[in-house]
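Take this structure first; my questions come after.
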Amino acid sequence: MTVSILGTTGYAGMVLLRIALGHHEVDRVYPVSGSRAGAEVSRFDPGIPADLAGERLGATNGTFCTIEDAVDAKPDVVFSALPHLSSAAALEPFLGNCVVIDLSADFRISDPSVFEAAYGQPPARPDLLSQAVYGLSEVERESVRTADLIANPGCYPTATLLPLIPIDRAGFVAGRIVTHAMSGISGAGRKNKLNLLFSERTENANAYAPGTSHRHHPEIQSRLGPSSRLLFTPHLVPLSQGMVVTSVVPVTSPAETAIRAVENAYEGMPFVRLRGEAIPETRDVRNTNRCDIGWRIESDTVLLFSVIDNLWKGAAGQAVQNMNIRFGFSEREGLNQVGEL
Amino acid sequence: MTVSILGTTGYAGMVLLRIALGHHEVDRVYPVSGSRAGAEVSRFDPGIPADLAGERLGATNGTFCTIEDAVDAKPDVVFSALPHLSSAAALEPFLGNCVVIDLSADFRISDPSVFEAAYGQPPARPDLLSQAVYGLSEVERESVRTADLIANPGCYPTATLLPLIPIDRAGFVAGRIVTHAMSGISGAGRKNKLNLLFSERTENANAYAPGTSHRHHPEIQSRLGPSSRLLFTPHLVPLSQGMVVTSVVPVTSPAETAIRAVENAYEGMPFVRLRGEAIPETRDVRNTNRCDIGWRIESDTVLLFSVIDNLWKGAAGQAVQNMNIRFGFSEREGLNQVGEL
Amino acid sequence: MTVSILGTTGYAGMVLLRIALGHHEVDRVYPVSGSRAGAEVSRFDPGIPADLAGERLGATNGTFCTIEDAVDAKPDVVFSALPHLSSAAALEPFLGNCVVIDLSADFRISDPSVFEAAYGQPPARPDLLSQAVYGLSEVERESVRTADLIANPGCYPTATLLPLIPIDRAGFVAGRIVTHAMSGISGAGRKNKLNLLFSERTENANAYAPGTSHRHHPEIQSRLGPSSRLLFTPHLVPLSQGMVVTSVVPVTSPAETAIRAVENAYEGMPFVRLRGEAIPETRDVRNTNRCDIGWRIESDTVLLFSVIDNLWKGAAGQAVQNMNIRFGFSEREGLNQVGEL
Amino acid sequence: MTVSILGTTGYAGMVLLRIALGHHEVDRVYPVSGSRAGAEVSRFDPGIPADLAGERLGATNGTFCTIEDAVDAKPDVVFSALPHLSSAAALEPFLGNCVVIDLSADFRISDPSVFEAAYGQPPARPDLLSQAVYGLSEVERESVRTADLIANPGCYPTATLLPLIPIDRAGFVAGRIVTHAMSGISGAGRKNKLNLLFSERTENANAYAPGTSHRHHPEIQSRLGPSSRLLFTPHLVPLSQGMVVTSVVPVTSPAETAIRAVENAYEGMPFVRLRGEAIPETRDVRNTNRCDIGWRIESDTVLLFSVIDNLWKGAAGQAVQNMNIRFGFSEREGLNQVGEL
C-alpha cells in the first residue's frame, strides 16, 4: 500500500509520518514538502532515525518529495495536513484517483455559506461538500467504509462531539449546552506567529474566540440536532499536546439514562475509553489515538469530561483510523500506543 | 505599624512577606514559621535579599520567629496563611487583640453545617462566623473598614464572584450559571504531594471536583442570591501562578444592561480593570493584585472572563488590600506592581 | 518468558512496565508494588489501558502484586527499579534464581569503600560487587551476554561515558575532562519532596552537587582510565524527561583521530546515533532508547554533546536492552520507538 | 528627566519601559515603536495599566511614538533595545546630543575585524568603538560615570564575566577556562522564528554554538587577559527568563585566594550577592537586577556559579543601572525588586 502525505513538516504531518512508518499495511510513504523537497527527512526531523524509516521512505531515498512525485506514485491514499483554504486546491490531482483524507477544514462543513462565514471565503470545491464524509470515526464508521473523500474532523469538534452525540441523537438534550475547552499550543500549528512563542505562552493562559465565534463552532453545531444549541469557549494553556473538554448538558431523561446512551454508543470501541466517575487527564492519552470520557451527574444535568491528544485523535491518529476503516484493516493498526509517562 | 504573619513559608505567606517588606506603612514584620523559627529568612527564601528586608525584619534579626514571639510583639494586624482547619486555632491568641486577617477558609462560610459538609469537620469557632467579614474588597469595602476579623476569600471565589456579583445583585440572573475555572498549581499549596510534582503536572491538564463538589462551591454559592444557581468546574493546568474563570450567565435584562452593571460597580476601583471585549490573559495580571474582566454577549447571555494571580488578588494581595482599607491607608499601598513580562 | 518488576510505581518502573508490555518475547509480567498490591494497574496508571496490558498482566489479573507473588512466579528475569540502599535487600530472594537487572546504584561500584563514601553506608552485598556486570550495553555487551547480575548504569554515567569511553580507552585523553550535564526532573524520582514541586521547578534552573560531589561522579570516574580525571557538574532544568551532557576533552592525538575512535566504537550499533557536527536536542531521543552524540573540535580539544532520555537509555530502556543481550533476543526488541514530536 | 526607548516592543524594551515607569528620577518616557507608533501602550502590553503608566507617558498620550518624536523630545538619555546591526544606525540622531545606552552588540567590540568576524558585516560606526564604554557596571563604574556612549553588555557576557574578572585581573588564571551556560528562551528575542515556538522548546534542551563559535565568545574573551583562554558553550532550556553560568577555572594561587579576589571585588555592591558555597538558582534573581554568585573549590580549581535574569541584569536592568551611575542617581533607583516567588 502506498501513502502520500501533504504538509508533512507541520505538527499533524509529523505525527502522520510517524504513524505511517510503523503501520504494517503501509509499504511506501511519499512525504511531500513544498519547501523542503529533496531534504533528508531524518535530518529535518531527528525523531525519525533513518534506519527506522527504512524501506518505507525508500521510494524517495529518505527525502521529502514534491507533490508531483506524490501524484506520480499513484498512491492508494493521500493525507493532507495542509492549512485550510490551501488544502482542497493541493488535493485536486488526487481527487477521484485515490482515497483522499483531508485533515484541513476544507471539506468539513456541508453548507457553503456556513463555511464562508467561518473562513472568510467560499469553499474551493463546493460541489464536493455533499460527497465528503465527516470522519468522526466512531460515529460515521459505516459511511467511512466506502468514502473516497473523508473530511477529518477538527480537534475541538472531535473531543466535544464524541461524548455529546449519543445524548443528542437520543433526543435527551433539554437546554443549552455550555462547553469549555482547552488546547495545547501545537493545535495552532507550526507557524511563525509571535503569540505562539515559548516566552508568550509559558506561564500564561486565556480564553479566546468564545461563545459562537470560533471557527470550530459551526463544525460542532452542524453535527448536533437543531434543538441542541451550544456555547463553546476554547482556552489556550501552556501544554504542547493535549485537549480537555468539559461540557454541561441539561437532559430530559434521568441523567443516568443519558449516561447509558454514551456507554452503549461506545461499548467495545477501541479508541473510546469510558472512565465513569474518574475524570481523565490529558496525560492519560498523550501520543495515543484514544478519547477518554468521564462524567458526573448534577440532578438533571450531565457533566461530560473528555480528553484527547489534539495531534492524534484530534488530527493524524483519527486520519489513520479512518484509513484503517476505509481499507478494512484492523481499526487499531498503527495506533496501539500506550500513553506516555 | 507591626505585622505578624503565620504560615510564612507557604506560597501565600511568601508573597505576603514580600508585599509587607515593600509596604510604606509597615515598620516591623514578624514572620512566623513553626518548623523554621530561628532560620534566616533570606537563606530560606533567597528571593528576599537580607539588605532589602532590612529593618522591617530587624525585630527578629532577619529570622523566622515563633508564634509566641509574634503574640508578644502585640501586632496591629496578624495575617494567617496557615491551612484551613488549623488556622483558626493558631489565631486564638490574636483574636480580640488585633485585626485578624485569615487567608484560610476557617471563617469564610457563615453556616456551620455548610462548613462541615465542605471541610469534613465543624468550624473551630462557630461563634465567630457571624462576626467575620468576608473580605472580597471591592464588594465589602464598607464592612472591611471596621472589621476586626476578616475572612479573606479563596482564589476561585474571588475571580468568580467579582464579575458575577453586580449582575446577581441587580437581579439580572435568569438561569443557571455555568462557570469553568483553571488554576495554577501553586493554588494547591506548598505541600509534599505526589500529584503536584513537576513531572506529574507539566504537559498535563484536567478537570477536578466538578459541579457542586469543590470546597469553594459553597463559598461562592453563598455569596450569590438564592435564584443564582451555579455549576462550577475547576481545572488544573501547568502554570505556577494564574487563574482563568469563564462564566456563562443567562440574563433577564438586555445583556448590555447587565454589562453596564459590572462597569458601574467597578468604575474607578484600583484593582479591577474592565477590558471590554478584549479577553484578558493571566500574564496581564501576574504578580499583581489586579482582576482583569472582559465580556462578550451572546443574545440573552453574558460571557464573563476574569483573570487573577491566585497568590495575589486570590490570596496575599487581597489580604493586604483589606489591611489597607481597614487601616485607612491608600488602597494601592504596597500593591502597585505592573504585570510581569 | 516471565518478568518481574520491583518498584513498578516509580518513573523508571512505569517505563519498564510499558516496554515489557510491548515486548514480543515477554509472556507474563509481575508488577510488584509494596504499597499498592491488589490495585488495578490501569487505574493507577491510566496511560496503560487494560485492553493493551491484556494477557501479559493476566497472571495478576491486571493488578499489582506482592514481592512474594513475584518470587513465586519463578521469573526468568527480575528488574528492580527500587531506590538505592533498598534495592539489593529486596532482590535477595531472586539472586541466584534468575537473571537480576538492578536499576539502582547498589551493585554499580566495585569498591565498597567508594560506595560507602558516596552513599553514606556500606553496600548491602559487598560479596557480589565483583560479580555484578556494569550494564553499559554498548561497552560491556560481551560481559552482559553471560551475566546473572547486571548493575544497570545511572543516567548521568550513561550519557557521559558513551562518548568518552572510546577516547579514554584509546589513551587519547590529555588532561582534565570538564563535563556539564543537565537533567529532567523525573531523574530525581517520584518522591514527595518539596523541591520537586511544579511550582518550584518551572521557570527555574540551577547547578548542584558540582565537581566531584555528585554520587554519580565515582560511578563515572571508576569507568575511566586512571589518567582521565573528571570534573562533573549536573544541573536541574524544567524538563520532565531528558538529559544533555557536554564534555570538554583535551586530547593527545589529532582531534579528528579521537573523533574517529568514537565513530568506530559505535558503528552499526542500534542505539547510538552519531550526529557529527549536528548538536543533538533532547527532543530527538525522547521516549526512545537512543543516545545521540555530536561533536566539535577546538584545535587540540574535543567537545562532545550527548543526549538521552533519562528514563529510557538512562534507566528502563537500557535495562531492557541488557535483557535482550543477555537472552539473545534482537537488541532492538521492544525498543524501536521513534522519537516524540 | 526625559528618556527615550527604541525597540520598546521587544522583550528587553518591555522590561526597560516597566523599570522607567517606576523610576523616581524619570519624568517623561518616549516609547518608540516603528511598527506601532500611535498604538496605545497599555493595550499592546496589558501588563502596564494605563493608570500606572500615568504622567510619564503623558507626552505621547499613552501611545508608542515615532523615532522622530523621540528625537524632538531632546531626551537626557536614549536606550536602544533594537537588534544588533540596526541599532547603531537608528541611534545616529541621538549621538552627541544625549547619553546613549545601546543594548545591542553594535558598540560592544572595540576591534572592527573581530566585530565583523562575529556579526558578518563591519560595524556601522567603527569610529565610535573606542569611545564607547563597555557598561559592565560593577567593573566599569568609573568609566560609566562620564560616558556619553555606553555599550550595554550581552547577557552571557554579564553572567560569565562578573565572577571571572576579579580572578583574571589578579592574574590567578592558570589554564583554560571552561564555561557552560544556559539561557531562557527570551534571550533569543521576540522574533517570528519556528525554533522559538512553545511546542519546539517545551520539554526540549540542547547545546548550541559551542566552544568559540557563539557571537558572545569574542565579547567575553576580549574582556579577559590574553592568557585567559575560554571555551564557552551555551544551551537553550525551557525557561522564559533566567540564565545559569558554570565556569571551571584552574588557578595559580591557592583557590581560597582566588575566591577572596571575587569577594573583595564586589563587597558592598548592591547587585552582586555572594552566596558562598550555596549554589544560586535562577528563581533567586528572577525579575531583579541581581547577579548571584556561588563557588566551590576542587584543589587547584575554582568552580564558579552565577545566575542572572537575562532581561534584567543581562539587558534592561543593567542599562538602567548604567543610567543611574552616569547621572549620579542612587545605583539602586528603580531596581530594588525582590525576587519572584
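All chains are identified by letter, namely A, B, C and D, in their written order; residue positions are counted from 1 within each chain.
One rule holds in what follows: a contact is a pair of C-beta atoms (placed from the backbone, for glycine too) under 8 Å apart; a residue touches a chain by one contact, two chains touch by 3 or more.
Note that the coordinates shown come from a computational prediction; the quantities given were computed from them, not determined experimentally.
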Per Cα centroids, the chain farthest from chain B: C
More contacts between chains, C-D or B-D: C-D
Rounded Å distance, chain A centre to chain D centre (Cα mean): 45
Cα-centroid distance, chain B relative to chain D, in whole angstrom: 36
Geometric centre distance via CA averages, chain D-chain C, whole Å: 39
Of all residues in chain B, the ones touching two or more other chains: 11, 186, 199-200, 202-203, 238, 240-241, 280-281, 283, 286, 341
Topology of the chain contact graph, where touching chains are joined (line, ring, star, complete, other): complete
Residue ranges of chain D touching chain A (in the complex, touch as defined): 11, 184-186, 190, 192-194, 196-203, 238, 240-241
In the complex, chain A residues that touch chain B: 178, 180, 182, 199-200, 203-208, 210-213, 231, 233, 235, 237-242, 244, 246, 248, 279-283, 286, 296, 298, 301, 303, 305, 307, 341
For the chain C and chain A complex, residues of the former touching the latter: 11, 14-15, 18, 21-22, 43, 46-49, 51-52, 186, 202-203, 240-241, 270, 273, 275, 278, 280-281, 283-284, 286-287, 290, 292, 311, 336, 338-341
